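Notes for the one structure printed next.
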Amino acid sequence: MSAPPSAPASAAALPADSLLELRELTRRFARARDWEQFHTPKNLAMALSVEVAELAEHFQWLATGADAELDAPAREGIRQELADVLLYLVQLADQCQVDLRQAALEKIALNGEKYPAEVVRGDARKSDRY
Amino acid sequence: MSAPPSAPASAAALPADSLLELRELTRRFARARDWEQFHTPKNLAMALSVEVAELAEHFQWLATGADAELDAPAREGIRQELADVLLYLVQLADQCQVDLRQAALEKIALNGEKYPAEVVRGDARKSDRY
Amino acid sequence: MSAPPSAPASAAALPADSLLELRELTRRFARARDWEQFHTPKNLAMALSVEVAELAEHFQWLATGADAELDAPAREGIRQELADVLLYLVQLADQCQVDLRQAALEKIALNGEKYPAEVVRGDARKSDRY
Amino acid sequence: MSAPPSAPASAAALPADSLLELRELTRRFARARDWEQFHTPKNLAMALSVEVAELAEHFQWLATGADAELDAPAREGIRQELADVLLYLVQLADQCQVDLRQAALEKIALNGEKYPAEVVRGDARKSDRY
């Protein structure tokens, strides 16, 4: 038996892959609030950098940000800010028609050529210094 | 027949889900270069904000950043910066033991309560102004 | 008659120039709180980027951020964030032994050569595109 | 004898105070290039965050960014980025009709109340944790 015609759009099955699933969920979220008008690539890029700063704020006075330096509220804050960054990133990529997974895989390959393991081992200097 | 014992670690099967796959690939990348020592949460948070700014730079003087305003080099640059942001985000979440997909799903649910569709429709003001 | 020997350091006359005056005031502020230990150049750079994001946040969903788009609380927030950015900038320059005024004057001269008025008039593209 | 009527505007005397001097110089620079049209508060805020990230980039993999960790090119880069940040900050404040020196002095006074020296000595936690 097929799904009843009255099934709301938001009940449609979600993609199995996490990045595609989040893309679909953020689309529905923005559409339901009529927020698509604000989500220009430029505004999303700006919102993304604001969220990244809120994330960085948790680490700014710490020595390294390692677990032992963080209390429970900080850890929960970090978790939520990481989520915010991902959600804006997914939306910005969506507006720019970029397949995030594909772009990331290509970038890893590119970085592999730019920073050959045997040359840069243990050295974090930028490649343009070589 | 099982895999030969000499199979290199990097040839091990990758997770099917994109976020887990990228987490595994960035782990291998850092390990092969002995870069784990630089990848403290604090340093990764800083690197993440640098990449986000490189992304934002493409949009700063544009009206909206919509497709028609971007030329091919800008589009390729944006694609690569989006990838960089995702790769650092995955690494930072990994160092903080945060499951990015799970955190993002919870944040969407939280945002749904914070910004009820019927209240905020067409209004982008921050929730704390309500 | 000269000042009494018991006059506290904080009562000493301030430099007349605004950037030098703020440098002296931020030094006194940090010293009085024993915060100099946290004010490494790296931490100050991170704090600076957090403050800049708090400033940017006021503009992210606006069309241009022009006066007519801002209400009184936003204007007051912007004013305070501009101050925070300047205060961290002055402290970071101080830690890096950089004379901000001198560096800015040199940068204006450099930019004048990089972007000759007759070549770039009305065009905001980056110089490396020419 | 008065100045000849042909004296160019750019030869007019500059204010003695560094922040006012830089404000005047950035105004002339933008006017000569017809760049005022791009300098909306929003675009300047975005440009400011890009420059801050370029500054932060010099510190991201260092332990503290202290002098001994920096080579000469890094130091020169930092000097130039500090200048860029100040120049955009001055322009943004100008567009927002904010007197930077006055705002910074008020913020120092406000911070003095928010973080009383005898309470926060040696502790960098945010005031809202108290």
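A, B, C and D are the chain letters, set down in written order, and residue numbers restart from 1 in every chain.
In this text, contacts are C-beta pairs under 8 Å (C-beta built on N, C-alpha and C of every residue); 3 or more make two chains touch, one makes a residue touch a chain.
Note that the coordinates shown come from a computational prediction; the quantities given were computed from them, not determined experimentally.
Chemist: Over half of the interface residue numbers used by both chain A and chain D, so same, or under half, so different?
Modeler: same
Chemist: Can you work out the rotation angle that lays chain B over chain C using Cα coordinates, in steps of 5 degrees?
Modeler: Angle of rotation between the two copies: 180 degrees.
Chemist: Identify the chain pair with more contacting C-beta pairs: C-D or A-C.
Modeler: Top pair by contacting C-beta pairs is C-D.
Chemist: In whole angstrom, how far does the Cα centroid of chain A sit from the Cα centroid of chain C?
Modeler: Roughly 30 Å separates the two chain centres.
Chemist: What's the distance between the Cα centroids of chain C and chain D, rounded to whole Å?
Modeler: 3
Chemist: Pull out every residue in chain C that's touching 2 or more other chains.
Modeler: 38, 42-43, 45-46, 49, 52-53, 56, 59, 61, 124
Chemist: Within their complex, state which residues of chain A touch chain C.
Modeler: By the definition above, chain A touches chain C via 38, 43, 46-47, 49-50, 52-54, 56-57, 59-61.
Chemist: Which of the residues in chain C end up touching chain D in this complex?
Modeler: Those residues of chain C that touch chain D are 16-22, 25-26, 29, 32-35, 37-38, 40-43, 45-46, 48-49, 52-53, 55-56, 58-59, 62-67, 75, 78-80, 82-87, 89, 92-93, 96-98, 100-101, 103-108, 110-112, 115, 117, 120-122, 124.
Chemist: Which residues of chain A touch chain D once you look at their complex with the stated criterion?
Modeler: Counting only chain A, the residues touching chain D are 42, 45-46, 49, 61, 124-125.
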